[in-house]
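A short worksheet on the structure shown next.
Letters A, B and C mark the chains as written, and numbering starts fresh at 1 in each.
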Amino acid sequence: MTQKIIAKEELYKQLNSLAKDFEIIGPKDLFNKGFFYERLDSAQELYLGEGFTTEPVKKFFLSPSEWLFNCQYNNGKNSLEELSLPDKKRIIIGVRPCEARGLILLDQVFGSQGYKDEFYLNNRRRTIIIGLACAKPDAACFCTSLAGSPVESRGMDVIIFAKGDEEFILEIVTDKGKEIFGALGQVLNETEKESHALEKEKNKELVIPKIKVPESLCSIFEDAYWQEVSRACLDCGICTFLCPTCHCFDLVDEQRKKLRCYDGCAFADFTVEASGVNPRPTKKERYRQRVFHKFEYFKKNFGENLCVGCGRCIRHCPVKIDIREVVTNIPVTENK
Amino acid sequence: MENVYLPNLAEIVEIKQETLDVKTFTLKFCDEAARQSFDYKPGQFVEFSVFGEGEAPFCISNSPTRKPNIECSVKRTGKVTEALHELDIGDTVGIRGPYGNGFPLEDLKNKNLLFVAGGIGLAPLRALINYCLDKRDDFKAITIVNGARTSKDLVYKAEYEVWKGAKNTQLHLTVDCNEENWTCMVGVVPKILEQIRPTCQDSVAIVCGPPVMIKYTMPVLLKLGFCEPSIITTLEMKMKCGLGKCGRCNIGPLYICKDGPVFNYAQVKNFIHQ
Amino acid sequence: MTEELRNKAKELLKNKQVELIIGYQRSPDGICAKPCFIDKETDTDLLIWDTYCVYNLSNYLKEYAGRKVGVIAKACDSKSIVVLLQENQLKRQDLFIIGVECRGVVDEKGAGFAQKCKSCLSSNIPIYDYLIKEREQTRKPLEDDDEYEPIRKIEAKVLLERFKFWQQEFKSCIRCYACRQICPLCYCPKCVADQTQPSWFSKAANLTGNFSWNVTRAMHLAGRCIDCGECERACPAGIPLREINKKIEKDIKELFKYQAGANQEQKPFFACFEKSDPEDWIK
């Protein structure tokens, strides 16, 4: 894996020169609103500091609202019109390791088994991901407790590490990344490589393990515990929409077009049936479903927890529900 | 581009009014190639689109041995079904599918079959009943118990004579309360089962109906000696995409649209409360 | 104050005056607060009161309708309880309101007190059963602070500019509906946004749908919103929701001399009229 050091100016120059063939997307500092991924006109608009974006990069792959096809109605006959997929290539820079891992988990749902979702896969194919390693995790981060790390490059094509204010260390991960950024910067010498490796180890330690996921949650399905932990929940959907791994959606017909938009088990009418019966009538069932889907059911189907420890749900929950606390304190019974 | 959300166009060729709020639609695929290649197992369902209104899942209620047209029975309950009931012969709709696992046909071969249906629950079972009758010699004795709240709620009345007359086949009809001019049995389905006492030897029970009927029928079947893997049912939760992706029908580690909707009792009793 | 609060809570539970107390406890990060639900005397020691107690707990009251519940209420929270009572969503005899004189709460997104606190007369609590007074000096509202200053800034823009301003803001709405869920006065069993027969506006998170959603919600709160500010605090996209609601509040105050949540005897805004109401646009 090639490791180089480059000046910020050189990286920005390269990004700007690519702007005619690629859409450049990266975090922007929107002052008292927070950091958000936006399409950039120039690399100078980038924010590559320590703050974390509110919305994860997931929205550029599984779109929050997407039209799937149109239906025309002419002379009393319906006919379907397919929409062409966007083909503009993109570079998304500033993606944190947790978000990139989230994409790998989403690939399992939308790309691997059974039906392949071309809308999602097309977005994956036309995107180059430049990850940004985390220099300073905050109190809500817990990626290392879930087999993640603030300095890993899984799911990325290139990863950059901030070195002071004016330089980055750049690691090329895939051929896609090499094609675009392989020519930049100077190769690290041995001393530099060593100190970089040490730095990475140090950063990993900064993320304090804060969650302990029980082996199996099944024994505590029926338990007053869920009533207690979900009491403050508002059923609002922020945790779902800001999560890099949540992917539930709704299919709606609007004006003869098929819309796919974000949805979630947090919403009260997610499971309401035509008869009006709702198998998850209260917050207790819905919050329990969230925890179980992430730490039990997905694990059973795909072998991993559906959570990357990014901390967004904790940072932005309006009533400070902390999923780490909820999962760690699950009163698991010792015997099966 | 293979768009898994894009339906095939189908034309409504026949509409039958089964009860006050249930209609059966016969559909013919508009595209000849799609019509010939569409194949399914009894128990599978399709996502039915009424363009401009929405999409909803319905089981295919005619047997694949009677292709190429398919039939869906729809009860008028909400936005999509209301719009569907307003449609006429000749209108086009969208069909996506078939989805789901279908009935485990291999496990039913050479067995006595007990079909237990309540109200519109007869719809998915009809596909299987007619399949079995079309391949009559693959199965042993067939007993059908079909109940509804009133005689007006009984569906597929046109089939009853055919079923009664089939080889080694019995049909028991029942309504919840006695009515004028009603000559068949009276009582809820679980009670009728207790009266008929169908044999559990070498038998499989296939049950479908409203949740309350299923709840009280299961213990009766167990008491009659049916073992849990030989009681099969088809579940319905709110389904949307049919592809195991949107999360709505997720129950435990399973998705009703992908791993079901047909399950046996051993699987179902674990998550009947979820 | 915390001591007094805990003692009162203990007393209420002991005497079975209430089954449950909704208050604030320390959050897992050790610094901030979060809502808590106490039904045992022994748990009353979890209750806290400080500048981080920003939540409007009256939002939870509708879930416990029919049960005797105690709730901690600041001046702003108390006003939303008034509106809920005016609209018959709660029964007065089921509530035991512990009013607290607050010195201002911290708005976590920025530094310093929340914008809404700057012009608040925090000792003016319109409804309570027991009052916990502030021992130290109550912070007086800034004399020359004009609570409508941000509104006037937007009003000063020409129409097209104003429209562009709000278009820019609503573009980032993600339709999480947190604003609706956290608002104590959004209690419709089936929100207009979730209705399908008919479907009133698009579910898509595009500008048209977002505009419809946010404006509809503001309109449904006209004459009812008491500016607890929770919607803006909850919004992950940082949309200045208070400014929309406050604009309508300002118009209603100026045109009709009506202020929501002032006292329980008052009728809801749209349920009353005066002969002096302006009607010069009726030709």
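Keep this in mind: a residue touches a chain if its C-beta (ideal position, glycine included) is under 8 Å from a C-beta of that chain, and two chains touch if they have at least 3 such contacts.
This is a predicted model, so every value here is computed, not measured.
If each chain is drawn as a node and touching chains are joined, the picture has every node linked to every other. Distance between Cα centroids is largest for the pairing of chain C with B. Central chain assignment: A. Criterion: smallest distance from chain C-alpha mean to the mean of all protein C-alpha atoms. Here A-B and B-C were compared by C-beta pairs in contact; the pair with more is A-B. Chain A and chain C have Cα centroids separated by 32 Å.
Our note on geometry: chain A versus chain B, Cα centroid distance of 40 Å, whole angstroms.
For the pair chain B and chain C, the distance between mean C-alpha positions equals 50 Å. For chain A, residues that reach two or more other chains under the stated contact definition are 250, 252.
Residues of chain B in contact with two or more other chains: 54, 78. Chain C contributes residues 196-197 to its touches with chain B in the complex. Only residues 68-69, 71, 73, 76-80, 82, 84-85, 109-110, 113-119, 122, 221-222, 247-253, 255-256, 258, 260, 263-265, 270-275, 277, 279, 289, 293, 296-298, 300-301 of chain A touch chain B when the two sit together in their complex.
For chain B in complex with chain C, the residues that touch the partner chain are 54, 78-79, 82.
Those residues of chain C whose C-beta lies close enough to touch chain A in the complex are 27-29, 32-37, 55, 59-60, 109-110, 172, 174-178, 180-182, 190, 194, 199, 202-206, 209, 230, 233-234, 236-238. Residue ranges on chain B touching chain A, taken from their complex, read 1-7, 9, 49-56, 77-78, 81, 90-94, 211, 236-238, 240-241, 243-248, 250, 252-253, 258, 273-274.
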